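Input: structures, listed below.
In what follows, chain A forms one complex with chain B and a second complex with chain C.
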Partner chain A sequence: MKKMRKVLAGLLTGAMVLSMAAFTASAEDVELVNFKMGYFDTGSQDGTTVPLRNNLVAAIESLGAEGVSVQPAGNTPDDYLDALDTLISQGVDAIALPWVSFMFAGTPAAVKKCEDAGVYYGFYWGVDVETLGEDTLAFCQDSDHFMGCFYQQENDAAYAAMETLHNYGCDKVGYIGLAASNELQENSRDYGVLKACEDFGMEILVEQRDQNVTTTAEGGATTVENFLTAYPEMQGIVIAGNTQFVMPGIDQVITSKGLTDFKVAAIDFPDAMETYAQDGVLVYDAGAHVTGPVYLTILAANAMNGTPLITKGQSFNQQYIKLTSSEEIEQWVSIADEIVYNTDELLQCLQVVNPEFDVEAFDEMVRNYSYADIMARHHAE
Partner chain B sequence: MNATKAENGFNWQRMVLKLYPFFVLGLLLIFFGVLTKGTLFSSRNIKNILESSFQYLIGCMAALFIFAQGEQDFSMASNIALSAILAAMISKTSVPLALVVALVSGIAVGCACGFLYARLPIPVFFLTMCIANVIAGFLGPMTNYQSVKTPVSMLNLDNTNLKLLVAVIFAVIIYVIYNKTTYGKYSRAIGASPVVARLSGINLSRYKFAAFVFTGIAAGIVAFFSICKSGGASKATGTMFHFNVMVAMALGGATTGGPKVKFRCAVIGPLIISVLTLGMNLARIPVGMQNLMKGVLFLAVMVLSDRLSRFDVD
Partner chain C sequence: MKILKQAKGLLYGLLIPFIVYIFFGVLRPRVFLTGGLSTLYTILVQSITTCILGWGMHFSMTVGSLDFSIAAEMIMYEIIATIFYHMGGFLPMVLGTIACSFLFGMVKAFVKELIAVKSMVLGLALTYIIASIGEVLSTNRNTVIGTDATMLAGPPFNFIILIGTGLVMWYLLSRSRFGAHARAVGGNAVLAKSAGINEHVIGFEASMVGSVFAGIAAVFTLSRGAGVTAQNGLASIGSAFSALMCVFIAMFIGKYVSATVGIYIGAVTMSIISIGLVSIGFDSELNSTVTSAFLLILMTYTILTETRLADKVRREVAAARIRKDSSN
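== the complex of A and B ==
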């Protein structure tokens, strides 16, 4: 009888193990659908484009896809539309569209081209779905191929920049940024800066928005020299655009003048940002908003594997990495070259591998993206 | 020595130098045709080549007269942006009226440039750059820093056959004026020597003025088809257009302006750029290598052009 029980227990355990194995499909067990993921590559080597490209390529490879890139002939919406035609002609199944390159002007045409070709598509670096406008939505609202929009809160990033300056005691600041625009009024960096001025009693003493000046290091140096001459009471600078160009010149002037209490907060990561942090000049930077195309690849991979995460294109709030002290900036630089989501993590975003992964989990992953999130996932003690 | 060779028989070197843009285009077609296993010649990609070269074909052909006069128009990009924005604004009322507005706006800016070019002793590149900046300064406030959308129905006008028809008609008109009328000849004469042209009784002001009317017309056409293609206009519309026209003209064989600028330069150049861009993308050449290849090709064209000028090929 005892022997029989042992045999039955053994059989039962074996059956349980087998059934568990059957329900927990490992990534190796699943044959992923190979598909072509299209994207635009300008060839730029700046501190935002390089990690964006590296993370996207890693995601495409991890999810069993093939990357197809095109280089637009120029920077106008027309150039990007021509490049989009080239991608479609190469038989891509899905495309990550940088909304900022199409601007509003080219968005309806881009959406129409993707719809006509029957490829999955979505936008990153842009707006939420509603802001695409009625004309565009008329093409894609009920589409099976529209994956949605990934947008970052520009106003939040700018607001946090100003808040950090305020925390450092810098309330009278100069502003360096892009040409005035209210294309995305409620979500613009300008809006965040103005809101912070109201909330913290800060003051913008002077602005520099001339693209001819803000696209060189020399322009940055000249600007800060002029700022300080005209407004000796200035305590800091907020850079809301072209950071990579102006920062070397600004850092040089501030350090050479020995202005230890003069601080800079910026948006977009410049090269050699650790140097500016070590100099004690740069105390805030928001950047590394490079994951939009990765998320679109995840959505496309799920759709191509027959388990679409979403049934209708929706908005996802993509995050900036916000570094709020010189120390944090230095620490970030040590991990900046890492791939944000490794292969195992990406495979767990596929429902065919992980049936419990759904749109809520996906949205949470997108919202959680931060310096702390990366440290917790990849550098936990 | 060259003349002697020519007298004694067919001068191959001279022939090659004369027609090298055709050889460049032919070699690119063969090279990328093989590399892409024929994909380059699919109907969709032929359409892509025509689509992407359309605006530069129009721009280059219109700029022929200015190039022949030894000058360049740096205001074309801003002119296109202004014309596109105005046309997009009016397109909500009437699409045909949008075409008229685009053309009138383009011609008006062209006339302004032409008038100042003809009347003021200011270097034309400087003059047109100033005008471009003035227009660019207006564009932001004029649009409230937003894009101007067109009715979605206008996207249906983005038709390759229609563009091809427009390009052919435009080409025939420009070819006739450039090669068969006194206007074309006098433009080249001005490029050869403005002083001699003036002493020969050519009304320089009139011919200089008219050259900019052509680029104005081109700006209007490009602006209209740009809003049909993208569904809207913004101050970014047409960015760097004048620069791309210059590059296309150089690749077509007109590295330097003046009387040697041929009509074929305006046709071959844009096609070379389109085939090169599309071919490299279809062949999946890495972006870094694409830039390298473009640089090498441009350099080769410059060297050939230098040889061309030494041989005095006309």
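== the complex of A and C ==
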């Protein structure tokens, strides 16, 4: 029933895009305004950052813009604020801001910089607008330049990860997560994990949040070795962040020890995840939440072309692709569909090309993003 | 007699890991005291990478150059190893990586000696550059290896790598002219120069040894993790810091054991702390704080002991002078 709903949602989105195309003039007839879209590029080659970057670059090119990227010197809000200054000095017209890198501490300053510079801006990987905090809202809530926030239901993704482990009989689990400071709000992965513990009687035996350890494959191997040494009764691991870094090492240790009943549920897609699924280790993964900057580019392109979709920044619930079994993981990898929205689809999101496209249609597109949606749009038989 | 003295020294040296082990054993006896040999095995295996990196750092530190870039170098070699693996499999991965570490090590050593700045800043700059090369090399590549290439992480190969590299280290340190010259340069560069030792050649060789050891550590680490992700900027410093701590622990127990054994004891101690903190459920975000505090305690103790020793020597010399003057 759940799968059927997903397929229907995908088909509806596909039908919507096609019907909108029927109303529109050819995109070639319209001359798009060239603008500079700024974004942050950590340079990482991991399984989450690469598709995010590739999708963003494809969207920027498709919508007639020019991409300007900057690499922050480090991972602190200050590093990102410095990098933001660099982007602004490059004369960008719009910027996609990863909220998770600015956090509550850096967000007010980031917003003020964008407002002062008069550039369009919005957040992805973050919280909803109401949760931005009073300091930030004081700057942006009535601004024409604020495009809004794209956020995932982090608690749902984490809850589903735990539920899957529970269904596999793994109730005593180890936790690998992001630094605790990233996990303060109610819509957080920590919250989802804790709620699942309450609902299913599960227990977190130990946590690993040290970023020096959880950003390397060997760190993953070391972590799971330590977990199993200290807690031999452990039945599984939930990875609520940095999966792309630690998963090879975790899989290596679990398979080499022959722990066939030991399962891993994760958030963020790692490279070669089909291998981990085939090994019977990885049984749940939520990821491919890479479309936030693409959506911000769509909003910016509409604004730059004189047809803003929104007049006031608002929240959009960006979706995860949730794969809830080894079979689904293998199927997802087999489609190898990295560019989520192709040029034709993106152009149909511009009002100058497609006057029918409005904020409701945009919101629906954002909400419908799913495995079934991609299959229906790009892989319909 | 000499063997007895060495055995006694080794026992003294092993006191640190023993005390740390017992400390955690009291807190979690099921893991450390009654849990069988699996804990000990895990500790020994986890110490290998840090130990080899520590050995690699040792000579550079001896000649007065603190090189943090060795960890970034190791990660870059891991990326190179994955490229070789996807080109030809396991053997090219191992041989190609070691060959690359030799070649790149030559270039790096040459650059270091050309700039001739014995500053931590140079090491940090090299870390940035090497991390960037790693990023470029890993762009659009699969940096995960298959299980067919991970055999070096398991027994007996993991311990063969450790012992083999340790023997090379022991030879370089205790039996080679290079080791003696490195100590001479580190002890007094001016005196060493007047004795005909070329400081730049020794610095070059020390850096080269570090690079090749980083290559060996890369092959082993990749086998353990089965994959690697490029680390941008200074993200690799954490690994270098762990290796650095091993060298400091080796210096701390330097009176009792050679640096080769001392660094290994340091790596084992670090592994015990790592597993110990997990076993007592300590906040993992504070792990680095604990290990740093441990290092600070050791350093403070070393400095205080050396200062007292120096004061004692000064007092004895002064007393001898007074005795000599009064007898005249």
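Note that the second predicted complex is superposed on the first by the 334 of 381 C-alpha atoms of A that agree within 3 Å, B and C clash if a C-alpha of one lies under 4 Å from a C-alpha of the other, contacts with A are read in each partner's own complex, and residues count from 1 in each chain.
Here is the rule we go by: contacts are C-beta pairs under 8 Å (C-beta built on N, C-alpha and C of every residue); 3 or more make two chains touch, one makes a residue touch a chain.
Small disclaimer: the values here were computed from a predicted structure and weren't measured.
**Student:** Under the stated touch criterion, which partner chain does A:A73 make contact with: chain B (first), chain C (second), both, or neither?
**Tutor:** both
**Student:** Of the two partner chains, chain B (first) and chain C (second), which one does A:E115 touch, if any: first, second, both, or neither?
**Tutor:** In the superposed model, A:E115 contacts neither chain B nor chain C.
**Student:** First (chain B), second (chain C), both or neither: which does A:A138 touch?
**Tutor:** So A:A138 only meets chain B here.
**Student:** Per the contact definition in the header, classify A:A83: touching chain B only (first), chain C only (second), both, or neither.
**Tutor:** After superposition on chain A, A:A83 lies in contact with chain B alone.
**Student:** Touching A:A105, do we find chain B (first), chain C (second), both, or neither?
**Tutor:** Touch status of A:A105: first partner only.
**Student:** State whether A:G43 touches chain B only (first), chain C only (second), both chains, or neither.
**Tutor:** both
**Student:** Give one of first, second, both or neither to describe whether A:E345 is in contact with chain B, with chain C, with both, or with none.
**Tutor:** Neither partner.
**Student:** Across the two complexes, what residues of chain A are contacted by chain B and by chain C?
**Tutor:** Overlap of chain B and chain C footprints on chain A: residues 42-43, 71, 73-74, 179-180.
**Student:** Help me check something: in the complex, which residues belonging to chain B touch chain A?
**Tutor:** Of all residues in chain B, those touching chain A are 39, 42, 44-45, 47-48, 51-52, 55, 140, 144-149, 151-152, 155, 158, 226-227, 229-234, 236-240, 244, 273, 277-278, 280-282, 284, 287-288, 290-291.
**Student:** Residues of chain A touching chain B in their complex?
**Tutor:** Going by the criterion above, the answer is residues 41-43, 68-71, 73-78, 81-83, 85-86, 88-90, 102-109, 112, 133, 135, 138-139, 179-183.
**Student:** Tell me, which parts of chain C touch chain A in their complex?
**Tutor:** That would be residues 28, 31, 35, 38-39, 42, 45-46, 49, 75, 132, 135, 138-144, 147, 150, 153-154, 221-222, 224-235, 238-239, 274-275, 278-279, 281, 283-285, 287-288 of chain C.
**Student:** Which residues of chain A touch chain C in their complex?
**Tutor:** Residue list for chain A touching chain C: 42-46, 50, 71, 73-74, 179-180, 206-210, 212-213, 215-222, 225-227, 229-232, 244-245, 247-249, 251-252, 255-256, 271-272, 275.
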